[in-house]
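Shared between the two complexes below is chain A, which has chain B as its partner in the first and chain C in the second.
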Partner chain A sequence: MPQDQKPVLSVRDYSLGYKVGSDTLSVLKTINLTINRGEILGLVGESGSGKSSMASAIMRYLAPNAIENAGAIHLGATDLRAQTPRQLADLRGSRVSMVFQDPATALNPTLKLGEQLAEVLMRHQGLTSAQAWKAGEERLAHVGLKSPAEMMHRLPHEVSGGEKQRVVIATAFACNPELIIFDEPTTALDVITSRQILDLFAGLQAETGVASLYISHDLALVARTARRVAVLQKGEIVEEGDTVTLFRAPQHPYTRALIGAVPRPDRRLVKADPAPEAAPLVKVRGVSVNYGRKSLLDSLLRRDFTPVVGNRAVTLDIKPGEILGIVGESGSGKSTLAKAMTGLNRFDGLIEFDGKPVRGLSDMGRDYRRDVQIVFQHPDASLNPRQRISEILARPIRLYGGRDGLPRRRQIEEMLERVRLPATYIDRFPHQLSGGEKQRIAIARAFLSNPRLVICDEITSALDVSVQASVIELLMELHQQTGAAYIFITHDINLIRQIAHRIAVMYRGDLIEVVATEAIAAPDRAPYTRELLAAVTPPASLTLTA
Partner chain B sequence: MTDFLRRLLATPQGLIGSLVVVLVLFAALTGAWLAPHDPDAMAALARYKAPGGDYLLGTDQYGRDILSRILSGARSTVTMALLATLLGTLLGAVVGTGSAYLGGRWDEAIMRTVDAVMAIPSLLMALLVVSLLGASGANALLAVAIAFMPGMARITRAVALTVRKQDYVSAAVARGEGSLYIVLREMLPNVIAPIVVEMTIRVSFAVMLFATLSFLGLGAQPPAADWGLMVSEARQYLHRSPWILIWPSVVIAITAIGFNLLGDGLRDALNPRT
Partner chain C sequence: MSASYILKRIALIFYTLFIVSLLVFGITQVLPADAAVMMLGENATTEALEALRNSMGLNDPIWMQYLRWIGGVVQGDFGTSLRTGQPVGPALFSALGTSLTLAVFSLTFMLALALPMGVVAAIRRGKATDLFVSFLSYIGVALPEFVTATLAVLFIADWWGILPPAGYVPLSQNPVEGLRHLVLPVVVVSIIMIAHVSRMVRSELVDVLHTDYIRAAHLKGLSRGRILLRHGLRNALLPAITIVALDVGYLLGGVIVVEEIFSIPGIGRALMAAIQARDLPVIQAGVLIMAATYSIVNFAADLIYAWLDKRIQYD
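== the complex of A and B ==
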């Protein structure tokens, strides 16, 4: 076929901007891309680099304030920019389709999975509803879902995240499109699930020979998936080439910085273990957390009430100055434990802090609150958008008392310098800061009270890889200065192997095991730990992919 | 701020609403001086005059100039409506935010009480309060404020529930902050935007509610130049001169529509994404 010689997607000298007020914000600058049949092109970049705008431009689904230049976007022989909305509607789903980041929002929660899949087939292939339903079942079986006939009748909330993403992928592949755009398809999924989804994608890709644009911020993932990679920085493609060569010998400084920032378990960032014979700072003894409460009606009718289990009898120790990593998939109870320890959740059991027993909220006095600080995942949510940095940082000083003889404002400015932010930020609002800077403010707030235990709840997972590296560096520095113990909750196992002394593995509310970081890869680990580790893409593949 | 104003004035409802409200507020502030005649001066020879000539909007049953009465009445009517709404909103917002923060059984108890109060129509509620406390302007103000409180509490609670789940509230709880600080300083500033919108719309209800109370003789007392009272008095002279009834009614309607439009405009301007 003549189309086989022509690239499936070609983008020529394409620029895109958004009109904001009277200014134009440039998002993509003179982009050139081609994807051939059967090829996967990885598009890597940090947030704000214009990755998703590229996807929208190809799908011709742009915001009304978008301004484009004269550049061309061709799908095979079709000029996508010249299509009428009606023609585009025919194209989408049949010749180009898209897989979004979060399957939970990509599927309509009020429609059965089967209806959503069959609709595509009816719309583009002219099947009757019965035929489409039958074909849908086949498609679902094809993406490795067990009992597809039942699955067709379920609603999105009745299946797991991984199953949802499989349905989305089945829908994308349903009409054998020429091009599929994947916009961070595994970011919202667990390590093990996303590994399975990637394997599925690789299989389907090889089988159908569809051309794919794989958008991601995760370099390790892209290195595994794509054969050719383009690196996007601030709307410009700074480097493009064969995956192996690009990762082995990156030319552009930005690419080098990106690759250098990826966490590697073999590069330890933390000094030797804390004194092993020291008495534990915190003893967690049989702490259980249950969600939900028995309603009045339940007790009146003597109905049984089964609470949702968050943690089941977790027992662990943290030594002074130790960094304890907690890993596990979402829903494993990592954050639940953190919330119990900071008095945000009720719990049963005993927490002993520095010899003092804490059995519930009422035992958490001012001293405990001062000694145990928490930093949350999303700095956008953990800093009050209506308060200035000065007010946010003044609270811990006010509550716990700062150093005497020094004006409060001066103390805040000193703290800002310690977290490497200019002292002039003191009068700004959080929205005037970048994501990484906001997280530094949150860290500053925690350290202002001179805590002895800091709980970091996924604090870098909302950040770009280069920002993450600098935040981790700051945390390690503060660790050395203050000697505070850390509980570092994360799902990034490569990262935690860099910084933790010991790692606790959690699964569905249970603590599976606590092991020294060096021994995490040992063969005699619990089966779940081994499974989790096997699913992680080792960053070594950045240099070793053959 | 200028950006916000531009967004507000960009929509037709925002522009018209702002214009009308500014006009009404201007009248409320300067009406007494602008009035061409003494609003209370009677003229036996100039009764039931149609609009035109010396009396731009005509005269009423005592020969008082309607334009002057509307202008000088703007102050009491609009100020009362604004004050009552402000008071009701503030009380409702604190109750709603507090309820959302406390959660659990407290939330349940507060909200069911609010529901019970809400079951009584606001006019009936206001009538009840006024007849208990006696008919006067101040009592009418209190009555309207109390009548507005449950509705505002409900709306605020709905918004505050989402704010309650934000990490900055969790951070404050984990820090050991007091409940009062969390409700007033952490949560309330973040629920203010929808409250402001709701408040603007409620001002128009308040204008009408006051007019109704005055109409029923429970609000402003004659010979005050209150718009609602003017409509009430004019009722008997409808067949002699409809203008006495029409003008204050028109002004009440315009004010209500103006605040309503402003509320719609504010809602769009405060949520640039919708």
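== the complex of A and C ==
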């Protein structure tokens, strides 16, 4: 690229803060960025690092309480900060556009997909409605959607998440912009769908040569996608450089910590199979879950009723002290099984726990409830916001006795220590804790009853990678101390390969196979397992350092 | 929305009306009113009363009386007014027509004011305009219609003489005079609903304007008008439809009061007169007709809702 060519995007000494009361909360500090034509810059950071604020600043879509310094943001020769609202509206969607994190919320639920695409063409290219509709069909075909004409007439809820994101991408590319900002475009999608969207992105990017700012928290993903990476920590770019160099020889400690926190399947965190010959602790035999019920009208009209299948005759064993991973896309029935095992879903079939048969909620006595605990994905939803930590953690002790001779409060403080939280947290409310700390409280609550099986349902997927690493470390510690068996439900295959003894793969309610973790990558796996594994982005440290 | 859903809803309306008919019939049975006394007067002889009761079937078991009544209703025969001796049906339906005219004008007037007020308040949230609209809504909610009606008649009709204080002229007879007579009743009946609906539209639109898809629309460079009307208002209006349908229930009640104050010969006034005269057949038929109106309006609201929001799958 010739030296004299102006970069497509240049950000110079830009700082941003938000006025909160009388204070200013600093979000971005002296940011310098450039992106040239044809280049992809990856912007990596954890939640709260300011990466989304960067996108808003470039798009000039800031909250009213935003306070900016004198720094400059240029798109080509245009000073974005000097544009009037009308000029900005002319720029947005035509010269700079955006692909959003969650296509389910970025699309208007009551407008046809075609209209949401065509309106951009009508606005910026002066096409008539008929022309724009026609052009829209071509654009949809271009992003790999089958039967684009039909797709134009669909509403967002009638298509899959991947299809929605393709429409959003088609809209972003519609007017051949100079710059596109991708704000975590695959975070809300399944593994396989993400892979396809990334391939589409790579193809379109190479074809159009559009400059791209790719924002993500996923280091592995950025390493595969971007040529250059900037690492953002608390509003500051702590390191920036060529992707390969940055991952091979990270200079800044934060970058090193981030790279180190990414799960690597080759780095096992758990000892070999605890008791290969032991009798299973739990036997799940032909457990099926169906959602929906036959309505009165259906029976009156003698209509056939087709329930929604959550699980179809799932059969598996869990040995004492074993960590069983369950992986699959959303809707594959992972959580449905967890809910059935904890009595939150009705099921057909048999669950045998420690030799005792459980056929339904009524068989789940006090012992079963003490022995089988569950930790949910969102601690915000699973911890009562109006209860103090002391009340939250007192409940399992009250229900299941706890240890004799020790005051309840003392037991709670000990448990807090075990999950590496200060004992002073005991009188706090959940909202006074960070996401990772809240999840530790949820884990503490599960372990207070001394369970023999803990079901972890996507417990780290809402957490940043470094927080995830510390929560996993804690879980492994507790595993060693208590010898409890885990069912670890996740969509993060790299992570599960680190910690599970065996992995169960689920697809649309069916259990595809259960395999030993070492054998998950073997060539004789089921086709779906191989497809799933192929879609996973391996950690950058593996692909780039090798 | 499936045809079977629509059929189911229609069946549900009939079921509701059946229950209402039982209730109405039951209540009128325990009212301290004797149809025979009503017809023959206080001084009638016991024999004459007994003879009339027998001929009217008032001595039959209650369930037989009910069946006879509901059987007539199904065939369009609502019985005979005790007061006037005329058939109930034609008189009530003509009164219903008058009330519906009042109701339709009120709804239109209300929407024409409430929607823009709600939208403006939402766009200028927290600013003076918003506060002013909120202030007006609070006043509107706080004033019952008999107060506003009295004030309106006092100032506009009596003191300033701009509009007629009472009475009704059918629009088909004299459109200008008909409209002049409608203005005050329509305004009075609309005020509370304007307050309701404008607040609803405001809060829904404020929520919608904070969604991701509105942000996306801004970042696509769309015009403010298009974002507001095509993307925002359409989604904000959906809940408002439900409120409007519920307000029709209020409208039916409000119409009774307003018709009484402005001497409009609508169904509300007919019902009031019937209650005062203990004219049981008219009371029964009137309540049934109002219940039917309410059910049908709510059904229509559901249909419109489903038509506007294609995600809604009634089944």
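Everything below uses one rule, namely that the second predicted complex is superposed on the first by the 536 of 546 C-alpha atoms of A that agree within 3 Å, B and C clash if a C-alpha of one lies under 4 Å from a C-alpha of the other, contacts with A are read in each partner's own complex, and residues count from 1 in each chain.
Everything below uses one rule, namely that a residue touches a chain if its C-beta (ideal position, glycine included) is under 8 Å from a C-beta of that chain, and two chains touch if they have at least 3 such contacts.
This is a predicted model, so every value here is computed, not measured.
Novice: State whether chain B and chain C clash or fit side by side on chain A once the two structures are superposed.
Specialist: fit
Novice: According to the stated criteria, A:Arg369 is in contact with first (chain B), second (chain C), both, or neither; which is it?
Specialist: first
Novice: Report for A:Val514: first if it touches chain B alone, second if chain C alone, otherwise both or neither.
Specialist: So A:Val514 meets neither chain B nor chain C here.
Novice: Of the two partner chains, chain B (first) and chain C (second), which one does A:Val244 touch, if any: first, second, both, or neither?
Specialist: neither
Novice: With the two structures laid over each other on chain A, which partner does A:Gly343 touch: chain B (first), chain C (second), both, or neither?
Specialist: First partner only.
Novice: I'd like to know which partner A:Arg395 touches here: chain B for first, chain C for second, both or neither.
Specialist: first
Novice: Name the contact category of A:Ala257: first (chain B only), second (chain C only), both, or neither.
Specialist: After superposing on A, A:Ala257 lies clear of both chain B and chain C.
Novice: Contacts for A:Ile192 in the overlay, against chain B (first) and chain C (second): which applies, first, second, both or neither?
Specialist: Neither: A:Ile192 stays clear of chain B and chain C.
Novice: Once the two structures are placed together by chain A, how many degrees is the angle at chain A between chain B and chain C, based on Cα centres and rounded to a multiple of 10?
Specialist: Seen from the centre of chain A, the opening angle is 30 degrees.
Novice: For A:Val309 in the superposed arrangement: first (chain B), second (chain C), both or neither?
Specialist: neither
Novice: Would you check which partner chain A:Phe100 touches, where first means chain B only, second means chain C only, and both and neither mean what they say?
Specialist: second
Novice: Superposed on chain A, how close does chain B come to chain C by Cα atoms? Whole Å, please.
Specialist: 6
Novice: Which positions of chain B touch chain A when the two form their complex?
Specialist: Residue positions touching the partner: 3, 104, 166-168, 170-177, 185-186, 189-190.
Novice: In the complex formed with chain B, which residues of chain A make contact?
Specialist: 21, 293, 339, 342-344, 364, 366, 369, 373-374, 376-378, 381-387, 395-396, 399, 442, 445
Novice: Touching residues of chain C toward chain A in the complex: what are they?
Specialist: 4, 8, 211-213, 215-223, 226, 230-231, 234-235, 238, 308-311
Novice: Note which residues of chain A are touching chain C in the complex, please.
Specialist: These residues of chain A touch chain C: 59, 61, 88-94, 97-98, 100, 102, 105-111, 119-120, 123-124, 155, 157, 168, 171, 297, 301.
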